[in-house]
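Shared chain: chain A. Partners: chain B in the first complex, chain C in the second.
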Partner chain A sequence: MADRIATVFMWGVALLISAVFAWIVGDLLLQGLPHLSWGFLSATPTDAGRAGGILPILVSTLLILAVCMVVAIPLGLGTAVLLSEFGRRNPLFGRLVRYSLDVLAGVPSIVFGLFGNAFFSLYLGMGFSILSGGLTLACMVLPLLIRSSETALRAVPDDYRRAAAALGLPVFATLWRILLPAATPGLIAGLVLGIGRALAETAALLFTSGYVDRMPGSLLDSGRSLSIHIYDLAMNVPGGESNAYASAVVLIMLLLIINALTFRAADRWLHQRITAV
Partner chain B sequence: MCRARIRLNALCAFLLLMVACSGEPQQSADTGALTGQLTLTGSSTVAPLIGEIAKRFEQTHPGTRVDVQTGGSSRGVADARRGTADIGMVSRALNADENDLTAYPIALDGVAMIVHRDNPLPVLSEEQIVAIYTGQVTNWREIGGADAPITVVNKAEGRSTLELFLGYFKLRNEDIKPSIIIGDNQQGIRTVAADPNAIGYVSIGTATYEASRGTAIKALSMGGIEASLENVRNGSFPLSRPLHLVTLGSAEQASALARSFIEYAASAAVSDLTEAQYFVPLTH
Partner chain C sequence: MSENCSPAAAESVSDDPQSQRPWMQREACCATYEPCLQVRDLAIAYAGKPALRNVTFDIPRGCITAIVGPSGCGKSSFLSSLNRLSDLTDGCRVSGSVRIEGQEIVGAEIDLIALRRQVGMIFQKPNPFPLSIRENLTFPLKHHGMSDRQAREAAVENVLRRVGLWEEVKDRLDAPALGLSGGQQQRLCLARALVLSPKVLLLDEPCSALDPLASAVVEDLIASLRGDYTVVIVTHNLAQARRIADNVAMFWLVDGAGTVVEHGRAASVFEAPANPITAAYIAGARG
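Let's turn to the complex of A and B:
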C-alpha cells in the first residue's frame, strides 16, 4: 500500500514538473511563433524593439557567450584539475578555494554586474562593451563550472589513477587520456548549466555589455543581449510584448541548439579519445 | 608539487594576458566637428526614446556614434558627474543639490493614477489618494467602492515617477504603506490589470496606450482634469514632468557633439519619434 502511494506520488510530481514546463513552452510558442519569421531574425530592431528584428542582438548574445566561455572553460577546468588532482597534498588551500567558490556561487548576479561595471568597465577602461560583459559573465559562471568539473573529476575511481601510475604514465597523459575522458559526462553537464545561466543573465549584463542595439563592430562595442532585450520589451516598452515573446522563443531555441551541439562535440571527442588509446 | 606550481604559474600568466589584452583605451569623444562618439546613460523611461533619436542622428551625421545605456535617473546623474557618460538622461526636474549639472528638456510626460477597469469609482480626490497610500483607508468600501481590501502599488526607491508622486502629494516614502513595490511602467500596468482591487500610478502615455488596446485598467482624472497626453501638452494636467538630458558644468563646457545632439533631441525633427514612444514633444 505504502509502495503504491509512493509510486502515485512520484508519478504525480514528475507529471506536475512536466506540465509546468509544457505550459511555459506552450505559452511562449503560442504567443511568440506567430511573430517569428526569417525577417525577424535577419532585421535590425526599430521603434524601440516593437518593430523590426533582432539580428544585432542575436550577434551580440553569441559574442558575449563566446567571450564568457573562452575565458571560463580553461580557467574552470584548470582550477577543477588543480583542486581534485593536486589539491589533496594541500587540503587547507583546497578548502579555502572551495569555500570561496561556494560563497561566490551564491552571490546575486546584480552584484557581479556592479563588480563588472566597476572593475572591467571603469577600472580597466573597457567601458560598456561585449568584452566587459563576457568577462563579467565568466566571473559569474566560473564557480558553477569549477565545482561541477571538480565533482566530475573526483567521481573518477582512484583505481584509474593507480593503474596509470603503475604503468608509469606521466601526469599529463593520465589527465588527458584517462581522467578527462572518464569525467566528460559530468564536465558537459556543468558546461551546459553554465551556458544556460550565461544566456539567461540580465542583471549582470545591464551595466557591462549594455543596452545598445546596433550591430557590434568589435568586442569593444556595447551590445544588447537577448535576455536584456526581452526584459526591456516586456517591462519597459509599451506594446513590446509580442516581440518579447518572439525573442524568448529564439532564446530557448538558441539554448537547445547550443546544448545539442555541446553534447555532440563531447561525444565525438570522447569517441576519438577512446579509440585513439 | 613542482608540476602543480608550474600549472599555477600558467594560470596566473593567462590571467595577466587577459587583463593586458583588454586594457585598450577608449577613444575620446570630441574630435572635430560632428564626428566621434557619445555615451548616454540614465532613466529607463527615456532610454528607448533616446535610442531611436540616436539612430536618426547617426543617419543625419555619418561619422558619429551615439551609445545609449540605461539604469535609472540617479545613474544618469552619477555618470554625467563622473564623466562615464557624456550626457545623462533624467526623467524629472533636477534637485537643488544637482546644480553642478545643466538640464535640457526634450519632452514631457505625465503620471496618471490607474485602477482596474472594473473599479466602480469614477474619480478619487487627492485627500482620498493620500489616505489610501498612507494606510488610513484600506478598504474600497470606506470611500464608496466595493467591499474589498485595497492593493496599494508603489514604485521602487530611486524611480523618478515615485519622486514626482511623492512631491505632488507632499508625502514621504516612509509614510506609504505599499502592498506591492514595482519597478518599470509595464510592470505597474500588469499588476493593476491583474488585480481588480489595485491602485497604482504610471506614465500617462503608457496608460492611455494600454487602455486603448483593451488592457483592464483605467486612468483617473486629477483635480477634475482628464489624464490624457493632450492635457499634458497644454500644461493643465497637474502631475506632469519634463524629460531631461543633462551635462556636467555649464552649457559651454559640453562638447560640440553633445551640444548638437541635445539640440537635435529637443528639435521638431524628432517630434514623431517622441510621439511614437507615447511622450509629448516640446512646443516649437
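Let's turn to the complex of A and C:
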C-alpha cells in the first residue's frame, strides 16, 4: 500500500514538472510562432521593437556569448585542473578557492552587473559594450564552470592516473590524452549549463552591454541581448508582447541549437580521441 | 639472464608442448642469485604512522620474487616504494635505502620518469587507458621518445605477441581497449609495461580480479617472464606463489607495522620455513 502511494506520488511529481514545462513551451509556441518568420530574423527592429525584426539583437547575443565563453572556458578548465590534479598538495588553498567559488555562484546576477559596470565599463573604460557584458557574464559563469569541470575530472578513476604515473608519462600528456577526454561528458554538461545561464542573463547585462538595439560595429559597441530585448518589449513597450513572444521562442531555439551542436562536437571529438567511454 | 630462458623460449610456446610450461626451466632461468634490488632498512609511514619498518633483503636479478603475507602488512606499500608511486600518496614518507642495479632510488634527487621507465608496474584491477588497443601501447612509446611510426608498430606487434594477445586482437587494434575481457585487459596492461623494456616488473596481485581461467593464463605469462625481467609479485594466493616464485619474502605485522620475517628461496621457505610465523601461515593457508 505504502509502495503504491509512493509510486503515485512520484508519478504525480514527475507529471507536474513536465506539465509546467509543457505549459511554458506551449504558451510560447502558441503566441510566438505566428510572428516568427525569416523576415523577423533578418530585419532590424523598428518602432521600439513593436515592428521589424531582431537581427542586430541576435548578433549582439551571439557576440556576448562568444566573448563570455572564450574567456570562461580556458580559465574555468585551467582552474578545475589546478583544483583536481594539483590542488591535492595544498588542500587549504583548494578549500579556499572552492569556498569562494561557491559563494560567487550564489551571488545575485544584479550584483555581478554592478561589479561589471564599475570594473569593466567604468574603471577599465570599456563603457557600455559587448566586451564589458561578455566579461561580466564570464565572471558569473566561471564558478559554475569550474565546479562542474572539477567534479567531472575528479570522477575520472584514479586508476588512469596511477597507470600513467607508473609508465613515467608526463602529467600534461596524461591530462590532455587521458583525463580530459575521459571527463568530456561531464565537462560538456557543465558547459551547456553555463551557456544556458549566460543566454538567460538579463540583469547583469543591463549595466554592462546596455540595450542599444542597433547592429554592433565592434565589440566595443553597446549591444542588446535577446533576454534584454524580451524584458524591454514585455515591460516597457506597450504593444510589444507579440514580438516579445517571438523573441522568446528564438531564444529557446537558440539554446537548443547551441546545446545540440555542443554535444555533437564533443561526441565527434571523443570519437576521434578515445574510442570508448 | 641466460640464453636458455628468454624470448626464444617464449616464441616456441605454441609449437612445443614441452615448453608450454617455460617456468619448468626455473633452474636455468634464475640460476645465479645476483641482487638486482637491494633493500636496506626501508621504512614507510603514512602521516607519521608507520606502515612498514626494518625491511632488508635482496631481490635477485631475473627471478620471480613473491611477496606474501596477510592483508594490511604493507606489501603493496612496499611495492609502490620501488617505483616511487608512493609519491602520489599524500603524507607518505619513505626512508631507508633501495638500490636498483646499484642506483639509489629513495630520496629527492632522482629522475622519476627514467626510474618508472625501468620499473614497470601492473595493478590488481586491469587499468588500460580509455584508448584503442594500439594507442594504449603507442602512447607511452611516443612519450618516451620513439618517434618513428614503423618502429612503434613493430614494437606493438612484438609486445602483443609476447603476452599472447596478438592473435586475439590483431584485426581490431583500433577497437577500444575497454572492450576487452578482464584477462585480456590485464595482459594488455602487461604489454603496456613491457613495451618500454623495463628491467624490473612490479605486480600487485595481478590475478586476483580475474576469473580462474584468465588468472591461469596471466599466471603462465608471468612465469614466462623469468629470466628476462626481475619480477616482484605481491600475492595472497600461496598456491600461486609456490607455483611461480623462485624467491619469497614473508611480510608480517610486528608491533603495528609490517616487516619481513623471513625471506629466501621459495623451496626452502615453503618446505622448511625457519620462522614459526611463516610455518603457521603456510600451514594455515594450506589447510
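In this section, the second predicted complex is superposed on the first by the 274 of 277 C-alpha atoms of A that agree within 3 Å, B and C clash if a C-alpha of one lies under 4 Å from a C-alpha of the other, contacts with A are read in each partner's own complex, and residues count from 1 in each chain.
Going forward, contacts are C-beta pairs under 8 Å (C-beta built on N, C-alpha and C of every residue); 3 or more make two chains touch, one makes a residue touch a chain.
Because the structure is a prediction, the values reported are computed rather than measured.
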Margin query: Between chain B and chain C, whom does A:Ala173 touch in the aligned arrangement: first, second, both, or neither?
Written below: second
Next item on the list: See if chain A has more residues touched by chain B or by chain C, and give me that chain.
Entry: B
Next item on the list: For A:Asp213, select first, second, both or neither according to whether it touches chain B, chain C, the two together, or no partner.
Entry: first
Check: Touching A:Asp159, do we find chain B (first), chain C (second), both, or neither?
Finding: second
Next item on the list: Could you tell me if A:Pro181 is touching chain B, chain C, both of them or neither one (first, second, both, neither)?
Entry: second
Margin query: Once chain A of both complexes is superposed, is A:Arg4 in touch with chain B (first), chain C (second), both, or neither?
Written below: neither
Notebook entry, point to check: Who does A:Leu131 touch here: chain B (first), chain C (second), both, or neither?
Noted result: first
Next item on the list: Could you pull out which residues of chain A sit against chain B in one structure and against chain C in the other?
Entry: 89
Checklist line | Footprint of chain B on chain A - complex, ascending | finding: 46-49, 71, 74-75, 78-79, 81-82, 86, 89, 120, 122, 124-128, 131, 135, 171, 206-207, 210-213, 220, 222, 232, 234-240
Next item on the list: Quick one: which bits of chain C touch chain A in the complex? Just the residue numbers, please.
Entry: 83, 85, 88, 90, 112-117, 120-121, 123, 125, 127-132, 139-140, 143-144, 174-179, 189, 192-193, 196
Next item on the list: Please give the residue numbers of chain B that touch chain A in the complex, ascending.
Entry: 1, 3-4, 7-8, 10-11, 14-15, 18-19, 22-26, 39, 44-45, 47-49, 51-52, 55, 67-71, 84, 183-187, 189, 205-206, 209-210, 213, 276-278
Check: Which bits of chain A are touching chain C when the two form their complex?
Finding: 88-89, 157, 159-170, 173, 177-178, 181-182, 274-277
